């Protein structure tokens, strides 16, 4: 994995923790580099706990959310950045798509993870998906010689949403995160504002571990994360 | 790949050549072992050229088809077997499914390739798929402790059918067969009775190479084969 | 249409009347030949009216159903045959599939109509579909030279089921039956045992006429029937 | 619910416990009647724990499995029956389908629950689904007057499979089982041979409770089960 | 139903009449409250009859359409409002989405009905769907504590489009409107500009009644309307 | 075909050549009229060859692309126009949609061809599809009398994308282009900047010819193009 770069884009600063922190940790543990980008801080939709403080300010909420995400990212060996575009609704304009495309050209990741394209429970998730999909295409070019700088195409996967079946999510790859589960737990622990999700995703990792064990026959797997490849990957042999 | 076993099951003795000979060759070139199983010889539906000889007999057609398939398999480093169940229509009874399950327990492949589950142009292909899917499940058990001997579950993929979109085939993995294309060509050359397919699948390998190049950005790929994973695979990192 | 042959296969003797009598009439009105094949008489599942007679016998029900279907077929210019395989459940064995394939080789239709492959309300309809699809493939061969006599492949369409959306039916072609609607009405009138369906399918023809008008902008269309092509058709120009 | 009858059909004697025991308990707690039918005892595929005893016999395994299922059914207020057709593979012949149709006519349930029609991990589940779907249609008739005794059509739902997305399962209704969760736990406790599934489905009930809470905004829901309606239901008002 | 609030949102002022007036009437007849919101008056796309008057003005068309919709709504016991956003094309800007979200917070409906998300025959229908889906999410929050006022999530259903199969519409619930059919007829009669649709939807209610009868076995149902649930509903028992 | 008008809309000036030039040629050869509209010149994404000249300018690239497309269109008997909206990304604003709708009203084509609605490899293709679909609806009206000038609805088809399965493309009609293949080759030859695609689409025409031969049994077909109807067509007989 040395020299392999992974980019994880979430609509909100905490999204990557629940659904992909294990894959990030496995990637960095194997020598890869990982960057987490949050399009917003989820300061309106997902920070209700913080707003219980009557003196709370939007800037303070963002500051706290930034610190938490940075700490969670560090726990799995990744860097964290935010575009701070606002949430509920998240709206990613043309300029921001270009900014994201530019980041893709610069960072040139081999793997890109983001939300699925559909989520009946959160409008920001599909908005994030659309922005990433478009920026990824713009940075990669049309597959023929183009009149602008391009980055190589990357593997493109969706991480698991909260209610998978209702988002049209069908797993196509399970990542064994048994060895890095402590790191994922540490990342989840950094998310104080959404603390109750810790138990949910801790159990979910066990369930996906059960599925991965069933699929592979590998009894050593205890925890896993599920992903759906959005375009085929290319291999040298099966 | 050393120690890794691949089983390719076709409805007819020539099926594996056009759609999966490259993946077989890549597998064996990397040190893996491969077994090709034909459920029938395609002696009725695909051997019209041979039947032009007015003195032709069914036994002779099968003998020729066996020899050709054996030669093609050898060209890509694989062994060849046939259940000789008859074609057009191929009917795989309960006993034959159990025989196939038994072979799966014995050979214990890590990878199984067969037809997709739908094909509006050939009734034998879905029949083969159904038999393999069932036998694979019977040999693997239910994922809980069972009262009979089981083999570990295997990766399960469909190879490309002749009219992919109409069979519901969507590629999820491209295998780069650039290095082994000469072996695939040799395997195709062994199939004298369906000679005109050689050019078709030679060009098709180029087209899938173009697609794989586009997907990966790897300009060194010239030929590829397309496969669809039927169940998720499990990996240590993305 | 002169010289063009259409085969309509229904699970029960009345099926063709409600869903395809208009297309049959348009076909024969244009000089084509049409054959209606009923796999059963629907003597158990759809003839409850007749069974109200306490002295009713199975043979008599079949005789009445045969006469009605023959009359309905005649009204739209078609011949009627039945395999008389029994209904509820209809079971089409290997031998009967071969008999159907044989009929396809002999009659050599350019167009074949039958039920869609799914119907949560009638188990005989999917059974009929499966038998026709298989027989059609067996009679057509694999598209390569084969060792047995074949008929040319035919256009293959599903006619409209009673609850279309729940059968996965999506119209791909509307047939304008305005000019032959009187013939369809006459065919429907012949079906005394299921008389109440007459009004339903009379109105349905109006509704599909409304849809066809909307799709084509042709204000002269009053009635239409909906069909779903199951394989592509080939044309000389769009 | 008084006078309302529910039939739950599983391929194996333990299936109903994990996926539907809560809905059964809610049904009987509200005054309904429930019957659990197991097509087999899962004596080969799911009873590996019992087979560790070197003196174990098939009859003894079935006896134990019967007792466990009866106890589990009792815990949620239901009766238990088995057709004892054998598992791995479960094969439901024409005669057994008719026996099931006969049971449907006699018991005349308003609600029928069974497996989804697809499961890449267990061939017995789709076999059970197909048998129930067919028997249900045969017992209900074609919706027109028929020549045999029929039962009224029933609501028809699939319960949740072990890997939902890979079985094409999409929840359309969540049943709040908060009040009856102790009964479900008691039912699960009766299944000693598959004890490790208890924790899995205990957590799963929490997760579906989380989903149901999210969907309804009803904060009092702690546990739920997910079901997919296979045909529409009819209501007096939304 | 007392205290239960239903919101019906149509792209044009007449949409609710044809597809949902029966469900509205059943809802209010049972003691519920209903509000119909039209995003536009359909003054360009659906008012051609009115434009035949050479002295017609846009304001007058809107006035007539408003009066008709108000009268139709009254006939089924509902109130009527319009956002008057213009049609063909309907464009719902960010501000209007927020206005709709605000209405959802204030009215706090338990049930929301609107168009399906796809309609190849009318671009305004998907635009309305998208606006309602987004506003509904924004008003409900993300299911975790959020930093703004939210309304409880509502049941969310699509009403039947004009060509259901081509809009991807699959009914999941039939509402029995037999008792309130006179009220629906009265509502339809108020729509003078699209008078010819009256007969169409009168017959359609009979057809859906036939389907609902078939699904439920309830012979008392004469008319019904079809709806598709877009997210699961939560029940106490099946 | 005399008097029949076809409109082909591509995101970039070369798109029509590879995927639809044969159908255009067959159309004009039969006496029809054809207009090709390019929304952009593909001057950024698909003209890399031209940009290798260090003195190249954007205006010169467009000039060259225009001349090539005009020559290619002429080779198949069509006229060529461009909206010159810019590519990578192509963005079609409200005004441009109205301009396109206006062109549809004026040219009043009976057949409209464009890209499918999905393409994971090129963001401009779905943007073009959406603009054409919307403009076509706006120009056709809602199927009821409307308050503005409308054109009759047209047949609407998608041409084949570069990686069909990954774009959700399923052929529903093959056009036999055997007789006009020389004209398509001439059109392809005019596209100097993407010369390498000539061989690809030359072979692809052979493959689709093979498919069309298989589907129709017409051995005279050598080359074909594949299209997917997006709405049903209306015929007088099957």
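Lettered A, B, C, D, E and F in written order, each chain numbered from 1.
Assume contacts are C-beta pairs under 8 Å (C-beta built on N, C-alpha and C of every residue); 3 or more make two chains touch, one makes a residue touch a chain.
Keep in mind that what you see is a predicted model, and the values were worked out from it rather than measured.
Shared contact partners of chain A and chain D, listed by label, are B, E.
Following the contact convention of this document, D, F is the list of chains adjacent to both chain B and chain C. The chain with its C-alpha centre at the largest distance from the centre of chain F is D.
Here chain E and chain F face each other with different sets of residues for the most part; under half of the interface numbers are shared between them. Summarising the inter-chain layout, the chain whose CA centre lies farthest from the centre of chain E is B.
Remark: chain C and chain D have CA centroids separated by 37 Å (rounded to whole angstrom). Counting only residues that touch two or more partner chains, chain C has 121, 143, 162, 166, 171, 211, 214, 231-232. Of all possible chain pairings, those that touch are A-B, A-D, A-E, A-F, B-C, B-D, B-F, C-D, C-E, C-F, D-E, E-F.
Touching chain B in their complex are the following residues of chain C: 94, 97, 133-134, 137-138, 141-148, 156, 230-232.
The part of chain C that touches chain D in the complex is made up of residues 42-52, 61, 88-89, 91, 120-123, 162, 166, 194, 197.
For chain B in complex with chain F, the residues that touch the partner chain are 121, 162-166, 169-171, 200, 203-204, 206-207, 210-211, 214. Put simply, chain D touches chain E in their complex at residues 1, 6, 23, 26-27, 29-30, 32, 111, 113, 140, 143, 152-153, 155, 157, 171-176, 211-218, 221, 224, 226-227, 229, 231-238.
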